[in-house]
Amino acid sequence: MLQYIVKRIFEMIPILFIVSIVIFFFTHLIPGDPARLVAGKDATFEEVEIIRAELGLDKPIWEQYVTYMSNLFQGDLGTSLKTGLPVMDMFTDRFMPSIYLTLFSMVWALVIGLLIGTFSAVYKNKWPDYLGMVTAVSGISLPGFWLGLLLIQIFSVKLGWFPTGGIQGWESYVLPSLTLGAGIMSMLARFTRSSLLETLKADFIRTGRAKGLKESVVIPKHALRNSLIPVVTIAGLQFGFLLGGSVVVETVFSFPGMGRLLIDSIAFRDYPVIQAEMLLFSIEFILVNLVVDILYSYLNPKIRYAT
Amino acid sequence: MSNALLKVTNLKKSFSIPNGMFGKKKSLKAVHDVSFIIPEGKTFSLVGESGCGKSTTGRLISRLIQPSEGEIWIDGEEISQKKEAHLKAIRKKVQMIFQDPYASLNPRMKVRDIVGEPLVIHTNLTKAERNKQVSEMLEVVGLSEYHADRYAHEFSGGQRQRIGIARALIMKPKLIIADEPVSALDVSIQSQILNLLKDLQREFHLTYLFISHDLSVVEHISDHIGVMYLGTIVETGPKEVIFSNPQHPYTKALLSSIPIPDPRLRRERIILQGDLPSPVNPPTGCRFHTRCPVATDICKVTEPPVKPGVTPDHFVACHLVDY
Amino acid sequence: MEVTREVNHSVTVKPVKKYSPLKEFWKNWKRQKTAFWASFFILLLILIAIIGPYIAPYDPYEPNYNEVLQGPSKDHLAGTDEYGRDIFSRLLAGTRISLSVSFLSVLLGAIGGTILGLLSGYFGGWLDRIIMRTSDVLFAFPDILLAIAIIAILGPGLKNVVIAVAVFSVPSFARLVRGATLEGKETVFVEAAKSIGASHSRIMLKHIFPETLGSLIVFISMRIGTAILAASSLSFLGLGASPETPDWGAMLSLGRDYLGTASHVVMMPGIAIFLTVLAFNLVGDGLRDVLDPKTKNE
Amino acid sequence: SSKESGGKKNGETGDQELVIAVNENFISMDPHNTGDTNSNSVQSAMLEGLLGSDEEGKIITQLAEDYSVSEDALTYSFKLRQGVKFHDGESFNAEAVKANFERIMNDDSLRLYSRGFSLITNIEVVSDYEIKVTLKEPYAGMLTRFVSAKILSPKLLEAGSEEIGKNPVGTGPFKFVEWVQGDHLTVERFDEYWDKKDRVKKITYKPVPENGSRVAMLKTGEAHVIYPLPSQNIKELESNKDVAIQKIPSTIARYVSINTMKEPFDDVRVRQALNYAVDKDAFISVVNAGYGLPLDSIIPSKTLHYEKQELYQHNIEKAKELLKEAGLADGFTAEIWGNTNSDTMKGMQFIQQQLEQIGVEVEIKSMEEGTLSDEIYGAQTPEDTKLQMWYVSWSAYPSDTTNATKPLFYSGSFPPGGANTAYYKNDQVDKWIEEVNMTPDESKQSAIYSDIQSTIYQDAPWIFLGVDEILAAKRANVEGVFISPTGGINVLDANLK
Amino acid sequence: MEKLLHVEMLETEFTKDKQKTKILHGVTFHINKGEVLGLVGESGSGKSLTSLSIMKLFKGTSGEISRGNIQFHNQELTTKSESEMRKIRGKQIAMIFQEPMTSLNPVMKIGEQLLEPIRIHLGFKEKQAKEHAISILKKVGIPRAEEILNEFPHQLSGGMRQRIMIAMAISCNPELLIADEPTTALDVTIQAQILDLLKQLQQKENMSVLLITHDLGVVAEMCDRVVVMYAGRVVEEADVYDLFESPKHPYTKGLIGSVPKIGQKKDKLDSIKGNVPDPSNLPKGCKFAPRCNDAMGICFEEEPPTMTFENDRKCSCWLYKEERGDICV
């Protein structure tokens, strides 16, 4: 297993290499002149050129690429064009809150999604099913920022239960993760339901009942674990959605995360930040999928024991 | 043997299969050195247990997959390594009937289009001409024009298998490869189809490669039989020899395993111990030695040669048989 | 499993009654109650998309500075916005825009993804690897970020929103179709088609593509919901339709400043989006149940 | 109305902490290289220049006790305040000032370098508390630059630019505590500040880009001051007795710059027609929710040397007539560009609606900021540009009339060299601009600027729209916090009651 | 002989779209103690449904017993509650299914699955249960029993899995074992092993077995008595020797004639024309009449009653109306 993980991590290297190339050229493809943006509206032509030279943007693009890559290999993500701070420094404060936000969203979405999905499947075509599925379909049908704004109005302004934004403590994570996780929760609830329904038709469920097992044993012990296999895969893929969805949520909740930084950096053509962050997203995504694969193999003994 | 329509020599096929999530690819020897001949107008059957390579052999001959090694001569033409583009002519001569009458017909096509599809591919006939031929062919297999505008799933298993047969026959092929054409059917329907296949053979002078795991069906339909075990043919010969004077211990065991539908004939059987070994790691020496009730030391190390059997067209691959 | 399916089929032979796929679909569709009504709602939306601008009580673009930010009333069913424009009229006019943006982008994405998925799944090998690795890279970038980047390159505007949403839909469609193709490729009837000498293109188009169609339609209907949401998110981030356009997403995002003061400006387009996306999701769910052979006969 | 429950819970931080929510992230704490208002606001809590500005934007002394400018407008002499300490314990003196100015002079990548400091030829430390700066040519904006050039601790200067950007050390009433990127920046009262007064213990600045969220924070009491206050929320907040609203006329001019070199805009009648077609009052009430003033000159009224011009009163008939004279009775079509900011979008929509009345069909192209700036500054010559109309705003320090005119109307400021996106070229105006910048005498300056204003206003290179009123709101218990006409937040005397 | 199970006039139906379809029509038969009863018939004739009805395993389907009695040891099963049934399932009546592949939970270790019924029904504690499990595994001929407990189903071959299923079924010493096509999915050589095992166990434990199959060979090999079903009805019931020697019902005759027999030099097999009818669209009269070569006028009009003949044979066919025999029902 460990060997496998190490192998997978090594396999990441060429992918990330390609990704970094793509990102680099992609970033530079975006129209807009960072030198001009750094210099400001009232800057003269000469000022812009001075800044361009300062930022190394006057060199041919391949030369910039070589510099970028060689820095990257030395673990240097570069310096933000906009703030003049090392990209690392800009990430340090934002990275963990982003991760927490994503994780909290994922965790509650998983727990609630599984619960709703399970109840819906077990009480198929009865009111818990209808209730669960109405919740779930609504969850994927609401525009995220709309939901966020509503939550602020209700829970911050009217009730005063949670702060409207920022990160002061765990309370600050509640509304953003509710907003961010809603879609995934719904998705997972639906997947759990259909997966569980499929599993409940399986022969081994009948076997379990024929053994004289209670439903309260058959469902969680025999059915749910089998149903989790597709659910986990979906959850992994949804992680990408979380990373992206956070952009909107971070905007609504003035949450100091990575998504907002990326938007700002794109607006400012802050190449080093965009590149570093895209790379980071790719790494996260690949790592998450590695975790999913491992989890998957844990859930599915066929994969675990394949020889 | 004269007039061999199909001649297969030393056919081999291995698949590389993924080894779970955590391992390298492995090679699975599905077919391992298979040779046989089918004279024109005769039926040759391949029998054996699940996974022994019967279907793979059939698919190799129809060139749905490419052999790793060996030769396939059909009607005097060697086709084992031909490129897809050059196979069209062969595809006219060789047709297949599949085991699963539900899966082998496209559920979204009408019977007329299913049966007529070979005509679209191989001929320039007009629609009307095609329809005429389709109707004729439906009559031949015991269906009628009246069924032509329906979808496959409106038919019962037996009827579907007839549609499949009609599709196979419409190009007037020489060789028909029938891969377990009756295994999925109820006994009452199975006999209908077996009877039909026999009739058609006589009428159109067809040559059959018949694949089955059911020895009683095989006995009923074939002229020659090849018994397969784990990718190789262990015994081949005329049906009479195989059934009345089997030589290979596996053939004997197989024959004795069949439950006979007559309570008075309950008997002591040879019950083979253990399971079929995996074709990924086939046993050394004689592939059957792990389950063979009479295996000796040599069987564990040396692969048995193919030896002539009781009649000129009978061969056995067993160390312990000598003629 | 296998056996029960056989039973089901072999006994449904009614050689007298003629089978029509459409009729059968209709029969099953009527049974999907929520989806059935949701599909009516969508039909209504499509109708509005066609005639909406003609039946709107007011000019959706015409400002009326005397009636700014009025709440819903008899005169203005959904109230007015900050320019005194009638929100109801704007919603009606916006139906066409929002629907066509989402339809178009999903359709483009579906076409692109289907072609890539079919080729990738059918031929496998290096082609498959290139297509799938590329889509992996695309996958690694969250949808919205990808769209933002694309729009950063192309500039904002509805046309580019369509392109951006289409581009980020491509990998999902490619994967879906590839999966279905891999499955379809293994079906016996494809093998049968191959054995009678059918060409690759014939097999792909006549035999495999129709197999993928069911899941494709389901996915398209679900994706339309996603596309509407994505387009409105892009508007929210200021990258969508030009501001005077009564695009729902744009209305929603420009109206969000009034959430605390004149909430109908936000609520109305929000509800329109919500209901539409909901309807598409419900229809998607229903279609899945009807088109999927596994759940079809329940 | 606001719910006190929220206020209490989130106000737990205590009365000694003031929270200020602004709309954008702070970019850098390096005062010599800052272009954005919000960073400036934060810096001004911690850092001081030789000169400062008052509520109206007038220049006052800060670290200098007194200053004078020579006749030839080349030499600036400062007498420095004594007994001032930096937050790190260093003492403030002429050497410290010199070190700061030299840093700017020697690093051409700093913003302030090209804004005046590159003109410095000599810095003379006359005594410990006296310093003289000599320029190579007269520059009217220089005094304003001495406001911007905050004085940092010499120790910090040695630590280098990266450290300066993250961890500023100055002489201001508050000292830096922490800056959590994207979330907040906190400063703390500096008890040895030279001007002793009651001040709040701590100030936290938070960037909150979403308008609704900022307002919500004010209502819940999570923030004590919010800037900017979205105009649509004013009505709602006015009735709230816990909240006080501030409206300050700004130096932010809103206009549509018209490419005077493109047909049909090269005809002054057309440009005037456009000006007559737009109802400025309606503009202010629609786009700014009623908060703002018409732009009745080429510079806002708060700017030094401002002189009111006769407004292009809303007059459709006249506009149509002018168009007819110009041979465009049937109107024409044109494109207006702007960024994707929601206020800009609103403004452009408004212009579109207004011009439609005289038959001018306007197509709105909102572009993301970077792309827009590429489109505008990417054109190397006036012939290259595709720009027709640009909906934009400009802001300069009230004391810096140069910056409010030269980059915008001087023919040497055509893009990419400057922001003269109207491609306005008037030889007479060019001469005046050159002249006024050589003149140290304020009254003479005033006279020239008077001519400049009336000429340009007549030439109508812009559609003159309005001057924003700066809107901010604070909780009623906040004292001593005010917003300057440029949008800077002054917390010098901030306190909570 | 003691009757262990008596099924009488059993009717089971499914509901779809509020419409009920009756699948089983008056199914009547019994199983004696220690006997192997074969239940044969074509696909869809209701064999599996009969067994599920006995166990009342309808959860997840719309099926329900609408009429009839099922007497097990003189207890009436049809009126028992779900929790009472749970005490019977796996303890007194155990069941094995056709697909050993899918009938075991793929993500649970063999041990976990095997121990479940032992714990519930026998109340054994961990160690004791495990010992018991191992002894059962040995009984069904599984080598390396202890290791197998820690393995997953996919690590075993089909034959081994079916042995596990059997072990699970017999672990609580049931009196009745229902085996629904236990060997259909297996290869002939493996089938021979399993049948052999079943026979041995049945004799050793004196268990009653309801063996469901469509393979007449298996019936002939294994059963004492045979019940033949067609379209949800019992059409013939007889001692296995009698059945094969002199089948009465034309359907039974057809079935036996359709099977190719080794050594039988027959160019053409007998066959039954037509197809199995749709349960929701059954013909009038005798359900087999449209496929029957001997059908008479009455066959298309009226359902034949069940007639009893010597040696406890039963058959429902109008052909025997004239023959001596009591008409029941």
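The first chain written gets the first letter, and so on, giving A, B, C, D and E; residue counts start at 1 in each chain.
Here is the rule we go by: a contact is a pair of C-beta atoms (placed from the backbone, for glycine too) under 8 Å apart; a residue touches a chain by one contact, two chains touch by 3 or more.
The structure presented is a predicted model; accordingly, all values stated were derived computationally and were not measured.
Between chain B and chain E, the least number of touch steps comes to 1.
If you take chain C and chain E together, the chains in touch with both are A, B.
Taking the mean of the C-alpha atoms as each chain's centre, chain A and chain B sit 52 Å apart. With centres defined as mean CA coordinates, chain D is found 38 Å away from chain A.
Chain centres here are Cα means. That of chain A falls 23 Å from that of chain C. Centroids of chain C and chain D (each the mean of its C-alpha atoms) stand 46 Å apart.
Residue positions of chain A touching 2 or more other chains: 30-32, 149, 153, 157, 203, 251, 266, 302, 305. Under the contact definition stated at the top, the residues of chain B that touch 2 or more other chains are 156, 159.
Those residues of chain E in touch with two or more other chains are numbered 43, 99, 102, 275-276.
Chain contact summary for the complex, chain E toward chain B: residues 42-43, 157-160, 187-193, 195-196, 214-223, 240-241, 244, 254-263, 266-273, 275-276. Interface residues of chain A facing chain D in the complex, by the touch rule stated above, are 30-34, 36-37, 39-48, 50-51, 54, 82-86, 89-90, 92-94, 97, 149, 152-153, 156-160, 163-167, 251-254, 256-257, 260-261, 264, 266-269. Residue ranges on chain D touching chain A, taken from their complex, read 2-3, 5-10, 25, 27-28, 30, 33, 35, 108-109, 111, 114, 161-162, 165-166, 180-184, 206-210, 212-214, 216-217, 219-220, 222, 368-371, 373-374, 377-378, 394, 396, 403, 407, 413, 416-419.
Across the interface of their complex, chain A is touched by residues 55, 57, 59-60, 86-91, 94-95, 97, 99, 102-108, 116-117, 120-121, 152, 154-155, 165, 168 of chain E.
Of all residues in chain B, only 59, 62, 64, 87-88, 91-92, 94-96, 98-100, 102-109, 117-118, 121-122, 147, 149-151, 153-157, 159, 164, 167, 171, 184 touch chain C in the complex they form.
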